[in-house]
Amino acid sequence: MNKRPSSASMPTSLKREYVPSADDVLVGWAQQGDTEAFEQLVFRHRDKIYARAMLMMRNEEEALDLSQEAWVKAWQRLHQFQGDSSFATWMTRIVINLCLDQIRRQKKTRSESIEQLEEDAGGVERQMPVEIINPTEGLEKTELRRRIDEAMSKLTDAHRAVLIMHEFDGLQYKEIADRIGISIGTVMSRLFYARRRLASLLQSLRRERAE
Amino acid sequence: MPSLTGWPVLAYRCLLATLLLPAAVLSEDFKVEARLVWGTNQPKPAGKPFTALDDPSRDKVRQFKWTNYWVVNTVVSPVPHGKPQRVNLSSKCAIDVNDLGNGNVEIRLFELKEGAEPKLVKPVQHSLKALKNGEFCILAGDDKKVWDDAWFVILTGGR
Amino acid sequence: MTQISQTIMKTETCLEIQAYVDGELDASRRAVVERLCATDSEARQLSDGLKALRSAVRANEPEIHVPESREFYWSQIQRRMSAASATAPTTDTGAAWTQWMRWLVPMAGAAAVVSLLTLPGREGQTTTTLASMSPAPTYSAPASSVIYRSDTDGVTVHWIN
């Protein structure tokens, strides 16, 4: 069993024992109150958690606020982590829930996009031709990532949330439905609309670059 | 009867009569109407006897984003002094209204669950005079089951 | 660039093809969709397009990094952890109010003014819209809430968190 080092008594060079330790070891130490172990977890996963918040909120200040809040909640609930999933997955769920709560609060005002209203109304959009492009063709990876990021920023909160949870977090329809509080049918239609819109945006970006 | 304050005699007698009347009598003449309203972009569900919120009331909630405000239920609650009477708005929520005797009424919102005691969710206070003058006191919150929807309890002076 | 599929397909069919691509169908429905894709070129094109898009998006999650130094980011978290452990786990109407401001005041820096929840007729009050509110004293209650009021409209809203 790994012995938790006492940072006060150990030589500086041995404090690096945190660095090579696996997540489950660090979690075990952190659950005993070792904040240095927790800090190592934060350092290790901060980009991923921040990135998730940034993708959801599209606002740096909010993403920083929510990602930090997620770490605080994780610290408070560390005793609940049983290792059923990876620590990164567990953290991702915490930050996603915080983002969903925040989006929900922000949706009180009349700021819904026309796209959202049209999609909910099931009007013209439902009858539009389906056009899905193959976006990988001829694109270098860095450029493709940048375009995907740019296209995602143009989606509505509702569509982007479903897309992120499905594509990047690997959640199934039912898990997404339960997390957000919508029907599975709504998850499916939002995901489809998000994908179609994403493809259309990527197409538009491609044309703009070509001109 | 001579006027003690310089007021006309009739006015003085009216004032005395008003002061001598128990407060409960005054308040019990006044009732509060509570409407449970569903804020949503969804159309009215088939088969449900909901009605659309009237235009003057819609104007009061115009800052909110929803397209539709369906009145799920309307109840009238007395405003006694000291012993509020709980009135159910639905199978899941209830209110009671109490005249606090200081110019304010207290409205308490309860959550109802089968087999359990009603749980106090929120007490709020509002001016009795304001309600009598037609002001709106609204309690609201997110619909826990539907992400985009909200519930409202709209309280006004009884019609 | 491969541009795929230009047709008007029933939405339900599209969603089922999507569910097939996402592995959400049971065996019987999966077989139905596979037969459809084998016989209908447009259905097959949609299926192929969705698979390509799905693979591309999953393989190209945007790379985003925390825009703060390790030390600074951690110091912020530590501060919050200390504050969280120091305060009682009661409702924080202050924080809730800050978040509520984001609902009604989308522009940064806009002030919100809420008048006290008392008698009306405070002459001279010029609060005209729900957007121009300020925090009002909240009453102790089991649930936290944020109150805003419009004198002009004669309405007070208690939003219960």
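For reference, chains read A, B and C in written order, and residue numbers begin at 1 within each chain.
Assume contacts are C-beta pairs under 8 Å (C-beta built on N, C-alpha and C of every residue); 3 or more make two chains touch, one makes a residue touch a chain.
Note that the coordinates shown come from a computational prediction; the quantities given were computed from them, not determined experimentally.
Trainee: Thinking of each chain as a vertex joined to the chains it touches, would you call that graph a line, ring, star, complete, or other?
Mentor: Graph shape, chains as nodes and touching pairs as edges: complete.
Trainee: More C-beta contacts across A-B or across A-C?
Mentor: A-C
Trainee: Among all chains, which one's averaged Cα position is nearest the averaged Cα position of every protein chain shown?
Mentor: Taking the mean of C-alpha atoms per chain, the most central one is C.
Trainee: Between chain B and chain C, tell me the centre distance in angstrom, where each centre is the average of that chain's C-alpha atoms.
Mentor: Roughly 31 Å separates the two chain centres.
Trainee: In angstrom, rounded to a whole number, how far apart do the mean CA points of chain A and chain B lie?
Mentor: 42
Trainee: Whole-Å distance, chain A centre to chain C centre, using C-alpha means?
Mentor: One centre to the other, that is 12 Å.
Trainee: Hey, what residues on chain C touch two or more of the other chains?
Mentor: Residues 104 of chain C each touch two or more of the other chains.
Trainee: So which stretches of chain B touch two or more other chains?
Mentor: In chain B, 63 touch at least two other chains.
Trainee: Specify, in ascending order, the residues of chain A that touch 2 or more different other chains.
Mentor: Counting only residues that touch two or more other chains, chain A contributes 107-109, 111.
Trainee: Looking at the complex, which residues from chain A come into contact with chain B?
Mentor: 100, 104, 107-112, 117, 120, 180-182
Trainee: Where on chain B is chain A touching in the complex?
Mentor: 41, 63-65, 142, 144-148, 150
Trainee: Within the complex, which stretch of chain C touches chain A?
Mentor: Its residues touching chain A are 1-9, 11, 14-15, 18-19, 22, 24, 46, 49-50, 52-58, 60-68, 70, 73-74, 76-78, 80-81, 84, 99-100, 102-104, 106.
Trainee: Within the complex, which stretch of chain A touches chain C?
Mentor: Touch residues, chain A against chain C: 35, 39, 42-43, 46-47, 50-51, 54-55, 60, 64, 67-69, 71-72, 75-76, 102, 105-109, 111, 122, 126-138, 141, 144-146, 148-149, 152, 163, 166-168, 172-173, 185, 188-189, 191-192, 195, 198-199, 203, 206.
Trainee: Show me the residue ranges of chain B that touch chain C in the complex, using the header's touch definition.
Mentor: 59-61, 63, 103-104, 109, 119-127, 129-130, 133-141
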